[in-house]
Amino acid sequence: MFIQQLINGLILGSTYALIALGYTMVYGIIELINFAHGEIYMFGAFVGLILVTVFKVPFILAFLLAMAAGALLGITVEYLAYRPLRQSSRLAALISAIGASIFLSNLALLIMGAQPYTFPSPFDATVYRTSLFVISKVEIIVLASSILLMIALTLFVQRTKVGKAMRATAQDKDTASLMGININRIITITFAIGSALGAAAGVMVGVYFRTVTPTMGLMPGLKGFVAAVIGGIGNIPGAMFGGIALGIAEVMGAAYISSQYRDAVAFALLIIVLLLKPSGLLGRTAQEKV
Amino acid sequence: MIGPYYLQLLILIGINTIMATSLNLILGYTGQLSIGHAAFMSLGAYGSALVTLHFGFPFLVSLLCGALFAAFFGIIIGLPTLRLKGDYLAIATLGLGEIVRIVFLNLELTGGAVGLRGIPKKTTLLWVVLAVLFTVFILSRIIRSRIGRAFIAIREDETAADSMGINSTYYKTLCFGVGAFFAGLGGGLFAHYMRYLNPNSFGFMRSIEHLCMVVLGGLGNMWGAFIGATILTVTPELLRTVADLRLLIYGAVLVLMMRVRPQGLLGQPLRNGIPLLGRFFQQARPKL
Amino acid sequence: MLKVENVSAGYGGIKVLDRISFSVSEGKIVTLIGSNGVGKTTTLRTISGLLRPTEGRILFCNEDISKAAPHKIVEQGISHVPEGRNVFPRLTVKENLEMGAYIRKDAAGIRKDYQMVMETFPQLAQRQRQTAGTLSGGEQQMLAMGRALMSRPRLLLLDEPSMGLAPLVVLGIFEIIKEVNRQGTTILLVEQNAQVALRTAHRGYVMETGRIILEDSADALLQNDQVRKAYLGE
Amino acid sequence: MHKIILKAANICHSFGGLMALKDVDFAIKSGEIVGLIGPNGAGKTTLFNLFTGHYAPTRGEILFNNLRISGLKPYQITPLGIARTFQNIRLFGQMSVLDNVLTGQHCRTRTGLFGAIIRTRSSKKEESRAHKTAQEMLHFVNLGDKKNEYASNLSYGERRRLEIARALATDPTLLLLDEPAAGMNPQETADLIELIRQIRVKMDKTILLIEHDMKVVMGISERVAVLNYGRKIAEGTPGEVQKNEAVIKAYLGESA
Amino acid sequence: APKEPANGGDETTEIKIGMVGPLSGDAAAYGINILRAAEIAIEEANASGELGDITLKIISEDTEGDWAKAANAFTKLIDVDGVSVIIGGVLSSESEAGSDIVKDAAIPTISPSSTSVDLTKGNPYLFRNCLSDEVQAVQLAEFAVEELGMGKFAILFTKNDYGESLRDAFKNKAEELAEVVAVESFMDKDNDFKAQITKIKEKNPDCLYIAGYYTEAAKIAQQAQQAGMDIQLLGADGLCNVVFLEVGEDAVEGTYATSGFYPDDPMTAVQDFVKAYKDKHGEEPDMFAAQGYDAARIVIEAIKSKGTTSEQIREGIAATADFPGITGKTSLDEEGDTIKDVLILKVENGKFVRVR
């Protein structure tokens, strides 16, 4: 049973990781807790759903289009709600983000209604059974795609010029602009990528859990944020590990302590992790230079 | 005479003012990002309601019990987590808030998911006004003292504060304790007004609401907390006239308000992008 | 090469620069000296586009750059070493230098210049993989200089490059400034250390509370009584 | 009179793999002004950080007035009588100038939560005493007329002086100044030198300062220690140090 | 005190009916469905002229699913809008928070869906017309043991008052008749139940009782199927929504659920309602909608029989007996609680069919 629970945690964790990746991306660059990320995730799921069910678009295409739509929405939100606050405190931007999040989820409610929609699964329901555990094809795809995205994203940020420019922008915008970096463009790209990932997560998780609702972004958005922080702010592999840590903590909490205290146990474990590693699992622990 | 609805709004404004001012002490003055304030509120609410129900304590005593109960947990919980900084602290407080909520959801004593019923209605507008004045009085006294300076020093630069001989762990804990005390007071008033308690109203979104009040009003400003609490209590009610569009507009209002006055209504304007909260909330600058 | 005409600028409502005018001709080192807070840094920030002038205009190679964004100005060939170094604290030394060459496309040239910077600042060579935030003050200053050089600027704006540096390094830095200039980069140098600045520069301007009060060749300024008293501490 | 107040024995400190300080021995006698110089990255600021408790030494021990202070936290060390300024100015920006200095008095005052709320007699007395001292400090560094400004609105030179006033307000016996003259012009530097002298004469403090401006170091120090790559390579009077071959090679350069 | 609507000189009397429930947030689906159905009932009543010159007007207030905000909604409806009667709250906590408010204001209130134990006890102004959890759970437990021959039960309940009271009732009965081997919980709106399912699977039960709502229940069914659990699923009225069938697909085949409402019931009242609802909103009404419709009907009948003041409406509602609702024959006991028949539905070929 332990192995099965571990796998359960791993899969649940990778759904969090999918969300956390986009989260941490934006978070790492402009140090903004992009509260609306959960709504972009929801939006992506809806776009994917509508394309597949109403327009009968093939899944892969719908997936890509949803990512594009997510990117577009992310850019719009950034432009309207965050850019005007670029020079202000992080908290002001946080409140603006909360406002944007409330706005978007209620807009979706108005348009789509409150009933959950069912996402038709594009994958067959194959289940692989071993003596120790059971895993389905969708689960493998979810896990694999989160790992792939993490690797791709890490390489992008660490190795490419744009990625480095993102990190530079994250650390000091003025100085970055003195290097010839177009700050607005970099931030736009960041939001585009982060939001596309958010939308991708929405579609993946929508397919995996089968339902799409206007409020589906809230909890996962929160968990994505938690995962991103647990992993170390702005750290892409960290987001992945943070997500998985959260998933496993939840599952183990439910399995071995009490399902009634599932989230409580998960949070308690994570707080303990933070106390041991105050800047996240993979965060830099370098001593502050005085 | 004002009607019950407006009376209720006034009372809620008062309670929210207490919540916002006490969070302001933690966030605005000491610079600690806490998003678990609702948990302290619930501790105070349940604490005071339980002593009223089980021991029949007089109202004032039960309020005090609730507040002390919250303060006690504020300190116990705060002590280990206050080592954390910035968003890491935020996550820890968020997590603790959720833990408190889930515990209440499962405790027999507090009625679990069904909630706690039959709390006598004791809170009146007069009590609320007195409690607000009391809170503001005590908090401003603290802020205008050596302790308040220590709080602000920690907010501005913890390293430098350490160098002034300020034991930042002690003061952060103290600040959480005091903040939790008043949050608990607000919770007690709330419980004895609503006559019913259920953990689900003390979740993460409630904490976020408190946060919005403080930021909207202006960090580190007592009046700001009051104004923020008033606006965010009244706005959703005013918007009831637009039914379907209510929260849609509410969200847009939050965005617009921040656009117009990013420093909060009564906050100080920023100097060249250096936010009110000094280094801490600014994007990382090189520390030379 | 650079012409600043009647430029005013400031922060929020506060006007810091009051219709200042000066020019920097190609191939020269020009220095701007003045006490703390007179607006030297503000001047440089206005030139590099971090601040918008409220009036007047700035011409670079006869093109008006007063409304251009900072990154456009860099592309024009102006590079700014900001006061207080402002290195990217969580990028490594190497990555910081690479950011300096952000606008360049010639990989080979970049590699060559990277070597050049490593030779110029051997102390940085030992710390290529260290994150810049943990460098000592002086090391950060070197890094900021090196980073600016990596963009191969036509005009280099230097804001107090000697601040916090060991005497030996200060001498070295000014040697480097001269050397860079000899290789064809025009330099606008802001310095507290007026003595060295005037000895290095060809021409100097003296600022006082948002205005330029004196301008002359550097040698002449070194001899100027007023300057000697106020800025050379004699 | 000339008793040793600070003594560091065999101090080593490493950051990860990097040895920033290696076997440094160092002592300061009461009433001295000592200069600490050395190339950039030599470990001077790190040494300060060890003295004030911001880091704990990897090896070695530090005694202050015969009390072992290595391993203590900054807030424990400051009350014992060591105060510092920072290389990069670290003021409380959104606090008034006066409040900055009052904060310096923190470890010399006692008022607790109760006293603060009730405003007891003793807390009022203490507060007015603190105000008086703070005003004196501000006048001393010539910032008397700026006391109600926000610290972040001060000019650079003023900030440096405010930091010194704030440090003095902790009533230290030993004052550590990290590059107090950085970014100042010659006139301001001259004023600063005068100020440091006054601190010693009028306030009877022992001073250790890091500085790259030789006019300052050689002008006021009685003794100068030189660090290079984490090791102490020379120590002596300014005259001796200036002539020291190793110091010239590593730090001063020929022409200085 | 309740305010009578001012209708000086008009021939028609307008009665305002308040509605309190979550119209946004996580629980919005429940509130919106109830509101839609109540609106249909009221439009029908106004159109049919059954109330003579009385017209009804519904005023709805959103709670966002938060009971504290529900308190504002109740007070506002009573104090500002002057409603004579309220339908709501939807969630139990909302009704709990409103309980004292409506009692103080003497405004009769009928909740279409708040199931928490003893909710209406001691409050003469608070009523409800939803199936009692006790009755549902007990009857299903008996049915499972006696008709289906089940012996080893597992329970998976949602961590709110609905899930808890179902769990309590089911567990007691099932333990009495057979054996309960596992009891696990989950949170509303959870997506992942594998940890609980894995745990339950270890215990090898032959039957799983899901005390929760349709979305989560469907996912549980699916995940259980995927985990290789071959198990009989049981549930309560919370399952009865098409979403359960759509999401659950073949995993929910064979599930038995108690319900008060069966949309394929040939009864004309039911068919009329289903048609009206479908025409207006394009989807099949669920149990919430049906109960909302019935709550509104009970109010209308009360007005018809007793009169238009709040007190009269209260008397009318309290007197409800053998009311032929679309959710079955409904009577209210002296505490204001419902007495109603329980149906048992089974999922067959992707549709609910009535088995009892």
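Side notes on the structure shown:
By letter and in written order, the chains are A, B, C, D and E; residue numbering begins at 1 in each of them.
The rule is short, and it goes like this: contacts are C-beta pairs under 8 Å (C-beta built on N, C-alpha and C of every residue); 3 or more make two chains touch, one makes a residue touch a chain.
The shown structure was predicted, so the numbers you read here are calculated from the model rather than taken from an experiment.
Taking each chain's centre as the mean of its C-alpha atoms, the one that lies farthest from the centre of chain C is E. When chain pairs are compared by their number of contacting C-beta pairs, A-B comes first. Ranked by separation of Cα centres from chain A, the top chain is D.
The mean-CA centres of chain C and chain E are about 73 angstrom from one another, to the nearest whole unit. For this pair, chain B with chain D, the centres built from the Cα atoms lie 39 Å apart. Averaged C-alpha coordinates put the centre of chain A at 47 Å from the centre of chain D. In this assembly, the C-alpha centroid of chain B lies 35 Å from the C-alpha centroid of chain E. In chain D, 15, 45, 54, 86-88 are the positions where the chain touches two or more neighbouring chains simultaneously.
Residue positions 106, 171-172, 260, 263, 289-290 of chain A are each in touch with at least two other chains.
Along chain C, residues 84, 86-90, 133-134, 137 each make contact with two or more other chains.
Interface of chain B with chain E (complex): residues 3-6, 8-9, 12, 105-106, 112-115, 117, 121, 190, 194-196, 198, 200-201, 205, 236-237, 240, 243-244, 246-247.
Every residue of chain A that touches chain E in the complex is listed here, in rising order: 1, 4-5, 8-9, 11-12, 15, 106, 109, 113-116, 118, 125, 127, 129, 134, 136, 205, 209-211, 213-215, 218-219, 250-252, 254-255, 259-260, 262-263. Across the complex, chain C meets chain D through its residues 35-37, 84, 123, 130, 134-139, 141-142, 160, 163-171, 192-195, 230-234. On the chain E side of its complex with chain B, the touching residues are 23-24, 60-62, 64, 66-69, 71-72, 75-76, 78-80, 92-93, 96-97, 99-100, 105, 116-117, 159-161, 163-165. In the complex of the two chains, the chain E residues touching chain A come out as 24-26, 28-29, 31-33, 159, 184-187, 189, 191-192, 194-196, 198-199, 202, 215, 218-219, 222, 226-228, 243, 246-247, 283.
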